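Before we start, here is the structure in question, set down as structure tokens.
Per-chain residue numbering starts at 1, and chain names A, B, C and D are given in the order in which the chains are listed.
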Amino acid sequence: MNNTETKKKFNMGEFYSKLGPLAALLILVIFVSIMNSSFLNVNNLMNLFQQVSVNALIAFGMQFVILTAGIDLSVGSILALSGAFAAQMILMGMPPLLAFLIGVVMGAIFGAFNGALIAYGKAAPFIVTLATMSVFRGATYVLTNGNPITGPKMNNSLSFQFLGQGYLFGIPFQVYIMIIFYVIAYLLLHKTTFGRKTYALGGNEKAAFVAGVNTKKLIILIYTIAGFLSAVGGMILTSQLASAQPDAGTGYEMDAIAAVVLGGTSLAGGKGKMFGTLVGALIIGVLNNGMNLLGISSFYQQIVKGIVILTAVLLDRKQSQN
Amino acid sequence: MNNTETKKKFNMGEFYSKLGPLAALLILVIFVSIMNSSFLNVNNLMNLFQQVSVNALIAFGMQFVILTAGIDLSVGSILALSGAFAAQMILMGMPPLLAFLIGVVMGAIFGAFNGALIAYGKAAPFIVTLATMSVFRGATYVLTNGNPITGPKMNNSLSFQFLGQGYLFGIPFQVYIMIIFYVIAYLLLHKTTFGRKTYALGGNEKAAFVAGVNTKKLIILIYTIAGFLSAVGGMILTSQLASAQPDAGTGYEMDAIAAVVLGGTSLAGGKGKMFGTLVGALIIGVLNNGMNLLGISSFYQQIVKGIVILTAVLLDRKQSQN
Amino acid sequence: GAASVGNNKSSSKVTKKAAKNVKIGVSLSTLSNPFFVNVKKGIDNEAKANGSKVETFDAQNDSSKQNNQISDLITKKVDVIIVNPVDSDAIVPSVKKANQAGIPVIACDRGSNGGKVVTTVASDNVKAGKMAAQFLADQVGSNAKVAELEGTPGADAAVQRGKGFDAAIKGNLDLVTKQSANFDRAKGLSTMQNILQAHSDIKGVFAQNDEMALGAAKAIKNQDIKIVSIDGTPDGLAAVKSGQIDGIVAQQPKTEGKLAVKAAYKYYQGKKVSKTTASPIHLVKSSDAK
Amino acid sequence: MQIELKNISKAFGPNKVLRGVDFSIQSGEVHALMGENGAGKSTLMNILTGLLDFDGGNILVDGKETRFNNALDAEQHGVAFIHQEMNNFAEMSVVENMFLNREIKKSFGMLDMAEMRKQAKAALDRLGADIPVGVPVGSLSVGRQQMIEIAKSLMNKTQVLIMDEPTAALTENEIAKLFDIIRTLKKQGVAIIYISHRMEEIFQISDRVTVMRDGVSVNTYKTEDTDVKQIVHDMVGRDMGDFYPDRNPKFGESYLKVENLTSDGVFKDVNFEVRSGEVLAFSGLMGAGRTEIMRAIFGIDKFNSGKIFIKGKEVHISSPEHAIQHNIGFLTEDRKDEGLILDASLADNIDLPSIDGFAKHGFIDKKADKDFVDMLMKRLGVKAQSAKDAAASLSGGNQQKVVLAKWVGSGSQVLILDEPTRGVDVGAKREIYDLMNELTDRGTAIIMVSSDLDEVLGFSDNIAVVYEGKIQGEIATKDATQDKVMTLATGGKLDE
């Protein structure tokens, strides 16, 4: 009848949501490295982090959105549209850094547009972002005329290429970017009032309103962050491929959502940690990289990926249990 | 001071959710038929209904799922997998009708699998069906080895072709199937205790449970229906194309969800009508058909589709307002 | 310095290897298209016949995914990478990365616009589009109205084939509408149905791949409208035989795959491989089949 | 600080809820606001604190026309509001809840966790509430959640404190503590608006009473100048006899019997029996485990060992569905969470447990269903425009009646009612007791879990007292006194 008694019942779900994502990652890493020794090569690990970074960035933004019990399906399209914008501007002679800056601001604006529709239009995030996903993608096609945007201005510019292809002390530059935004997202979510309000909004919107939280402003801000981070991903991808693809980022929303959920965040909102999302993104990265290393046929890769996601979330079921 | 006062404030949202989906459909129909007179051809209307039927069937199932505040992303994969199964069996010499029957039963089983994972695994429907979408799709590729399944047994069998290519009194046979399942779904949702329990589950799962609703059984049953109807769509598509495509149904989940939401059903669960979903499916059908007729470039088609969905749901915002 | 964008240290000397010791890594743009499934078959068959190991990845039409796969192939130290790029520009950084690691790259069906490749095995999509235009014009006569079914917006094959076709029909045929059917058979059917409503007087259709043509054929039924497409999948060729499709500019995916593997062997025999390896394309007509 | 509400009016759609209400409050006074369910008390307070717009009238703060923009604005002007329906974040910790949107920050906008924890502890200590500040609020009992709400409102420099049914989930001990605090605050010059349906509290704590009826303020009295009868008359518009109707029970056979029911760490060796025609009350302190016992019997929670018998036959109940099949009904204590589908209509709420009874081959008989709902709404006096209204649009007390209607209608032979009259006005309470009488006359067995000792003593046949998960003792109501029950409830023994 006292408070220590709760600890008696060992709860697998609780265990997973505390330590689980990390444990799942470790198990996966151990398994893959036993099966293929080259997995733990420094080179491969660098590849891995590099491969993870864009999804991780999008997932950081998605985490805020999901914590409010929302969802953003348009991140992949925002990535493509902002990337195409930046590439277009570089071709028109703008210095790459400035173009990147404008590109991410564009991404933030697209995100804010989503947020405004959700906050003021009072429509479900799923359907709003499903619609804007289509709109932004169409706009990307119109802008690029369906062709990849590329040119010597991009191929020959060092400052352009550094973002997605550069190395600093032997580590891909984009990995630093991922880490920097992780730290910012972590602080924002766990150490500021903004983060508290995000949890509150997702936990009980009405109560948040009663507590005087400006829920509309908060929603807009959160989708702005999601758009911004997708656009950062878009810049990295554009630089990495030395071209802006009109269909870049297709399906990325699903990987980002999977990363967030694998990290123990509840789709019902109000529960989850930023660290979990980083781990979730790594799980997906290790899975993709590992399956390639193990030479699993691409048909079976889809099956394996689905089963791993399923297993992880079932262990994490505690979430919806109360 | 009396009841007539409500009528003073005209509530656009309320208007839409009552009459709106139908009004939106009418506006769209009028617009398209003014722009292109061949739209109202009997022939074209038959085409339209035919084109709508598969999405409508999936949407009927999706409606039940969404009413429970769930979602089923795996419908497209179930469609492909059950279609491939049936085609494989026909090639192996099974009579088409029997193969179709087994195909839809398979679909129902896949759906039940989703439902069981959600009900007993207590994981979020979004992530469960995201994972099974990947698993079922992978299984389809493995089964078909990535190639369409086809053969003379399919091309030459009348009973095989009738389902998706046949006409009865000048109306495509699959339209009858759509209507029959609409009536069944309508009765099930609005006239039976099953339907009432579906609404209750979506409105407040705990309260429904305490009121004696067997929520687990209900969830499994509902996802079974969704899987079943997707498989019916899969049989139609297989018959229509005289082949089972490994990537059939990709993205169909989004069209089905859009149909349900356009029809005024709330993604939060507990609210919505089957008639709305039929209208929603027709809106999407008219949109696709109309844009083809008007010769809108495929780039702009995506933008237009997004904007139409957006407009419709914003008018319907009343739903989430209280 | 600490910061770099990578520099080339590619070796020019080739250590010879027997065919059975050549480990082949493959990244295909997609495996949900029968054409590429057949490229894969061609690769597999040829490798099997010579006893070499193959590992194939599906990039699912995502350039970035393809990049990751090539990184992973480099990690696995395969002896040669056969890549069927999702996009000829976006593949360049990956090709350069392989160059740095000293792994030869063979481009298949699409080239790479940068980096060094041993050879590009390709059937020319622009040329295929032109051939299709030529054939259609022969069938329907000058200035007849025709429609075009486009592939997935932005996809390389869609862009190239469309480019060839559109250029060749200028002043020759009257293209009344272009609609995308996403390279998909079901979509080909419904889109064709809709086009027929808006333009009942068309005489011919160009579908950018066989799948859409097969769908279109279902919509057209026995109306006198000529259909031509590009690819040459088994389903497509069967349809030409039965007269549902009038002509296909057939590429030979299996041959393409085979040629790519052959080029790899040649490279490891220390022989010179020419910059391009043409995979033949040819027109298959239903009138010939009958 | 002095606040005056003048001629306030407010309508929700066609429903004129407030039609010119006057109300005032001064420093150092406890002003009770009374009124039937749906009279508009909560609405008036929501308007005062800026949560709702209003249609007409004035709010004067210290004589100056004022309108607060939102709750935060009101709070910054010294007006705090403890809501009737709890507005908390179940997943967030106690301290996070207490400081939500009022966080203490260090430099760079970073949160000062240590300071917030310290202040939260201090506020809870003041109430004598031993609640760990790090646990999620949702894991605490309703009573403790209510204590947190109260503690939260005490953290600020409050000048006007609004308490909307603060004691609905509290038991005697906590209420006593709360009243101590109210008296201290009063001395410090804080003005308190106190809303409650518990008549005895009003006379214990208030200085003035205002009674509302049908959206107008009927009368304001000095508490010492009035009596229960007068207030009840103003509230319901007529005289009412006794609060509690007489019980003339005719006990039948044993209906539900529980033997050695145990759920590790929650309750242990619970034995009791309820006969048809009996009202068995369950009393105990907050968190004693009464709710948990009932949930286990009804198949919502699992238990470790023990047996349940119905009419002498052992039954195995693994879900509410089973329980209902065994003719057991259960009114849960948390009506918002488990009792109601807020967005659904009253009709859909009321017939839910009985819906299978109105169906042939699964198809619902609409007419029979409608008659059933209409009958129940009338019988329980649910105040609503129509059965099609959403449950969410009703006042708290009326929502309670809807949940009750649902279970009364289910035709249960055993009705477990967990806090059946929580938040219900005197008039409606009387109706509920009458209804319970009628049910027991027809042979229904009723288990009434209640934190209202008055009610337990006033309307039951036997009383089981739970202490720390055990039944400490059972006494016949006619022999029971407040002292005896409290002795048992605090772990003591009655010497025979």
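By definition in this document, contacts are C-beta pairs under 8 Å (C-beta built on N, C-alpha and C of every residue); 3 or more make two chains touch, one makes a residue touch a chain.
These are the chains along with the protein names UniProt gives them: A, B = Ribose ABC transport system, permease protein; D = Ribose ABC transport system, ATP-binding protein.
Predicted model, so just to flag it, every value in this text is computed and none were measured.
Each of B-C and A-C has its own count of C-beta contacts, and the greater count is at A-C. One finds 32 Å separating the Cα centroids of subunit A and subunit C. Subunit C and subunit D, compared by their mean Cα positions, are separated by 71 Å. For the pair subunit A and subunit D, the distance between mean C-alpha positions equals 44 Å.
Shown for subunit C are the residues that touch two or more other chains, namely 31, 153. Those residues of subunit B in touch with two or more other chains are numbered 141, 146, 298-299, 301.
Chain contacts: subunit D has no residue touching two or more partner chains. Judged by the touch criterion defined above, the protein chains form a pattern that is neither an open path, a ring nor a star, and not fully connected either.
Residue ranges on subunit A touching subunit C, taken from their complex, read 36, 38, 41, 43-44, 47, 50-51, 54, 141, 144, 146-148, 150, 155, 158, 161-162, 164-169, 173, 237, 240-243, 245-248, 250-251, 288-289, 292-293, 295, 297-299, 301.
Subunit A makes touch with subunit D in their complex at residues 1, 3, 5-6, 8-9, 187, 191-194, 196-197, 199-200, 203-204, 206-208, 210-213, 270-271, 322.
Contacts from subunit C toward subunit A in the complex involve residues 2-6, 31, 55-58, 60-64, 67-69, 71-73, 75-77, 86-87, 89-90, 92-93, 113-114, 152-155, 158-159.
Note for the complex: subunit A touches subunit B at residues 71, 117, 121-124, 126-128, 130-135, 137-139, 141-142, 145-146, 254, 257-258, 261, 266-268, 298-307, 309-310, 313-314, 316-317, 319-321. Across the complex, subunit C meets subunit B through its residues 31-32, 34, 37, 150, 153, 177-180, 184-186, 189-191, 193-195, 197-198, 200, 211, 214-215, 218, 234-235.
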